[in-house]
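Chain lettering (A, B, C and D) follows the sequence in which the chains are written, and residue indices restart at 1 in each chain.
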Amino acid sequence: MFIKEGGLALLVIYSKKGRPKKFLVKIERKKVIHTHKGTIDIGSLIGKDWGMTTETSKGVPVEVHRPTLVDIVEKLGRSTQIIYPKDSGFILLKSGIKPGDRIVEIGTGSGALTLILATFLGPEGKVYSYDIRESSIKVAKQNLNAFQLSNVELKLKDAKEGIEENNLDAVFMDIPDPWELLPMVHRKLKSNGTFVIFVPSCEQISKVVLAARNIGFSLIEIHEILDREFECNERRTRPHPRMIGHTGFIIIGRKIKSSS
Amino acid sequence: MFIKEGGLALLVIYSKKGRPKKFLVKIERKKVIHTHKGTIDIGSLIGKDWGMTTETSKGVPVEVHRPTLVDIVEKLGRSTQIIYPKDSGFILLKSGIKPGDRIVEIGTGSGALTLILATFLGPEGKVYSYDIRESSIKVAKQNLNAFQLSNVELKLKDAKEGIEENNLDAVFMDIPDPWELLPMVHRKLKSNGTFVIFVPSCEQISKVVLAARNIGFSLIEIHEILDREFECNERRTRPHPRMIGHTGFIIIGRKIKSSS
Amino acid sequence: MFIKEGGLALLVIYSKKGRPKKFLVKIERKKVIHTHKGTIDIGSLIGKDWGMTTETSKGVPVEVHRPTLVDIVEKLGRSTQIIYPKDSGFILLKSGIKPGDRIVEIGTGSGALTLILATFLGPEGKVYSYDIRESSIKVAKQNLNAFQLSNVELKLKDAKEGIEENNLDAVFMDIPDPWELLPMVHRKLKSNGTFVIFVPSCEQISKVVLAARNIGFSLIEIHEILDREFECNERRTRPHPRMIGHTGFIIIGRKIKSSS
Amino acid sequence: MFIKEGGLALLVIYSKKGRPKKFLVKIERKKVIHTHKGTIDIGSLIGKDWGMTTETSKGVPVEVHRPTLVDIVEKLGRSTQIIYPKDSGFILLKSGIKPGDRIVEIGTGSGALTLILATFLGPEGKVYSYDIRESSIKVAKQNLNAFQLSNVELKLKDAKEGIEENNLDAVFMDIPDPWELLPMVHRKLKSNGTFVIFVPSCEQISKVVLAARNIGFSLIEIHEILDREFECNERRTRPHPRMIGHTGFIIIGRKIKSSS
C-alpha cells in the first residue's frame, strides 16, 4: 500500500511530553504545510510506504499514518458535534446491520456516522442520508468524496415530509425530535427492521421510548456508553484525569408484528 | 426475507413485568421446544416472515426475531467469557480494519469476536484465528458454521510457536500474556498495521504498553468502555440499578518505521 | 476500648476464597449464634479488646470488629433501601452542616442517614426526622437506640401538613415528590440554609430543579456518585466485574434573599 | 448568624448563561474587591445576614454565602491538588472515625482533608498532621487559622522517621509510597483502628494492598469514586459533557489481632 495523490494522510508529531499532535492532510503534489516544528513537504510522500517516518524542515520526526475511519471522524469534529467511536461502534453492532443492507439516516450532520455505516455496508449496501441543512449536506459530501464511497445518497430534504425508501433494514436518527418520525419509520422498515436513535437528554429518552412502545416496537433498549482512557508510563498506570462526561443516549428497537 | 430451515431464530417471550426472555434456536422441521409458558412448534415457522408473532401451546405470544450478531454473541456466552458489544464495537472501529482486510486473531475463545470481525471484513477479507484449546476451536467452528462464513480459518495451534501469515492489516489478541507475542506481531503486520489487545487487569496494561513502545509501535491508546443501561416507563427514566462493572481494557497501537 | 454488653459487634469469617462474611450482632451475656462454620459464644467476648480474633466451635477464626456507622447502615439494608457511603458521605459534606446544627429530615426510612447525620452533628446538634409510615419510625427507633443518640427526635407525621421547626440549618428529603414541599422548606430554613434531596429518576431531577429555581434557591447542583470497587491479589489488580449501577441523584441548593 | 469581621465569605455573581462565578474573600472593614462586573465593598457586609444579595458598583447582584467546608476546600485547590467532596465524604465515612477520636494524617498538602477531619472530630478530637514540605505546613496553617480549629497540630517532620502518637483511632496517608509506612502505622493504631490511603495509580494499589495483607490488616477494600454532575433547565436534563475522569483510589483496612 503506497501513498497516493488525492488521498488523505494522518501526520503525527510527538511533543516532548510524548503527546501526539495530529494533522489530517490531503496528499497533493505541490503542497507544503507549516507546523510549529517546521514545514512538511507533502508532495514528497507520494509513492512512499504508509507507516514511515519523515522529517520536518527542522529535522523533527513526522510519522505518516494511513488514516482510519475514526481518525477522520475525529477531525470532522471541527465544525459540528462529532460521534465518538465509543458510540458509533456500539450503534453499528447493536443496529444488527450487515454488508449489503439498505438503510436510511435522518440527520446527516458532518457525515461521520454516514461514513462508518457506508463503509461497513459495503458496495452492495446503500445509505440514504437526509438533512434539512444545506451546509450539512455540503460538508458531508466533501467528507464522503475523500473516501470515494459510491453507496451513499445524500438528500437535502426534510424527512418529516416523508422518505421515499421502503423495506429498509434499519433507520438511524440524530435529530432533536425523533419520536415524531417514529410512526413513519415503522412503516418504512421491513419486518424485524431496527431503529437506532441518538439523543442527548433524559427527556428525549422518555419521549422516544414511550412512542416506540406505543407503535409496537419490541426489544427496546437504552444505553449510555462511557469511555475511560488510561495513561501508562514506566512509573504508573492510571485513568486520565479528564474524560468526556456525556455525549448522548443510544436507543434501539425492532419492528414486530403482533399476533392476531 | 423468510425464515429458512437450518438458520437461527431468536424467540422472545415477555414476562408480566415486561422483561424479555430470549431463546436462540436452530430452525428445524420437526422441532418443538419447551418453555415455562408452553411448547413452541419451530417447524411451523419455516416460510413465515421475520418479525412476526406466533403463540405457544398455551396461547402466550412469542416474537420471532432474526438474530443479530450481538444476539448470537450474547448466547455464546454460556460456556465461556463473552465479549460485550460495548467492547467489540469499539475494537472494530479503533482497529481501523475495513472490508477486504486480512487479519489474525490470537485466542479464538468462543469465536464471538471472530464472528464479528469476519462479518465486517466481508467475503474478500480473511480471518486466521489461533487457539491452543481443542474445545475452543470446536465451539467456534459450530458457532461460525451457523453463519456460513467462508472467510475464517480456525487454527488449533500455539501462536507462540509462530504464525504463518505475513503482511497483516491487524492482529487481535485475547490471551493472558500478549506482550510476549508483540515482537512477532510487529514483524507479521504490514507497515502501519494495527494491534488490538484485550486484557482484564491493570498489571497487563503496563506490560503491554511498555513492550509496545519498546518495539516501536505508535499511537498507543488504552481504553475501558462502560455501558450504562437505562430503564424507562410511563413514570420514570433512570439508570439500571445494576451494571457490568468491568470486562477488560482495550489497548491499540500502530506499526511505524522510525526515520533513519 | 473493651467490648461491652448491650452494644453491637461486627463478626467476620473469611471464606476459602478470602471473601469476608459479616454478622452484625448485639452483645448479650448468654447469647450463642449459629453460622455455617460452627457456633460463636457471644457472651465470652465481653471484656475483651476490639480487633481480636476468636474461634467458632469448629475452630474457624472469627474477627471481632467494632462496627462503624457504615457497617451498621449496610446491615440496616435488609428491610428497606439503604443509603450507600458513596452517597451519604457526599451528602454530608455538600450539605454544609457542622457540629451543633439543627436539621430536619423528611423520609426517615430505616434511619440510616439519620444515624450518620446525628453522629456528625454531635450532642449540641439536633435532627428532627419525619416519616408517615409507622413501620419506618419503629425500625429507625430500634436502630438509633443501639447508638444511644440523644439528639434525634423521630416524628410519625406527614411533613406535607407542615413541620414545627424553624430557622433550620438544612433540610434533607428522601420522598417521592420533594418538589411539593420545597416552598415550605424554603420558609423553614434559616437564611443561607441548604436543602439536600435524593431522588432515583431523571423526571424527579427536573421537577426539583425547576421548582427550586423558581422559589429562589441558589447554587443548585445535581450529582450522581458512582463507586467502582477494585479487587487486588498477588497476580492482578482490576475493577470488580459487577457494580451498583444506580442508587439516586443528589440535588443541593441554598436559600438566598434577592436584593431589592 | 451575622457576617463578622475576620471570617470568610463566598460571593457569587451569575453569568448571563446562569453559571455562578465564585469569590472566596476574607471579611475586612476597609476592603474593596474588583471583579469583571464592578467593585464590591466588603466592609459594608459586616453585620448583615448570610444569604443576602448585595450589588457591585455597576448594579450587578452579588450573593453573599457563608462558605461551607467544601466551598473552602474547592478554593484551596489553587496551589495544590485538592481533594474532591466525592472522595473526602467517602473517606470520612469509611474511616469509621467519630467525634472525639484521635487521628494522624501523613501528607498534609493544602490542609483540605485536615480541615474536614478536624471539623467532624470536634473539639474533643485531635488531628496530628505531618508533612515534609515547609510550604505545605505554611499554607495549611493559614487555611486552618481561618477556621479557628484548635484540635489540629501541624508537624513539619518526615513521618518515615517515626510518629510520636500512639493508640490512634485512624491514620490517613496521601503520600507517594504509603506502603513503606504501613508496618509503623500498624503499631501506632489502636486495636481495630483504621488506615485510609489515597493513591493515584494502579501500581500503588497493588503495593498497598499486598503490604497491608501481609502485615495483618483485615477488611481491606479498594474504591474509586466518580462524580457525574448533571445539568437541568426548562428544556432538558442531562449529564455534563465534561467530567473529572480520575482523582485517586481509596484503600481502607482495619487492624486485627490474629488468634493464637
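Definition applied: contacts are C-beta pairs under 8 Å (C-beta built on N, C-alpha and C of every residue); 3 or more make two chains touch, one makes a residue touch a chain.
Predicted, not measured: the structure shown is a model, and the values here were computed from it.
Participant: With a step meaning a move to a chain it touches, how many steps does the shortest path from chain B to chain C take?
Facilitator: Step count on the best path from chain B to chain C: 1.
Participant: Return the chain pair with more inter-chain C-beta contacts, choosing between A-C and A-D.
Facilitator: More C-beta contacts join the chains of A-D.
Participant: Between chain C and chain D, what's the gap in Å when you average each chain's C-alpha atoms?
Facilitator: It comes to 21 Å between the two C-alpha centres.
Participant: Suppose each chain is reduced to the average of its Cα coordinates; what separation in Å results between chain A and chain D?
Facilitator: 42
Participant: Where in chain A do residues touch two or more of the other chains?
Facilitator: 202-203, 205-206, 224, 228-229, 237, 239
Participant: Residue numbers of chain C touching chain B in their complex, please.
Facilitator: For chain C paired with chain B, touching residues are 200-204, 224, 228-229, 235-247.
Participant: Touching chain C in the complex: which residues of chain A?
Facilitator: Those in contact with chain C are residues 202-203, 205-206.
Participant: Write out the stretch or stretches of chain C touching chain D in their complex.
Facilitator: 1, 12, 20, 49-55, 61, 63, 65-66, 68-71, 85-86, 88-96, 98-99, 116, 119-120, 122, 190-194, 202, 205-206, 209-210, 218-219, 221-232, 234, 237, 239, 249, 254-259
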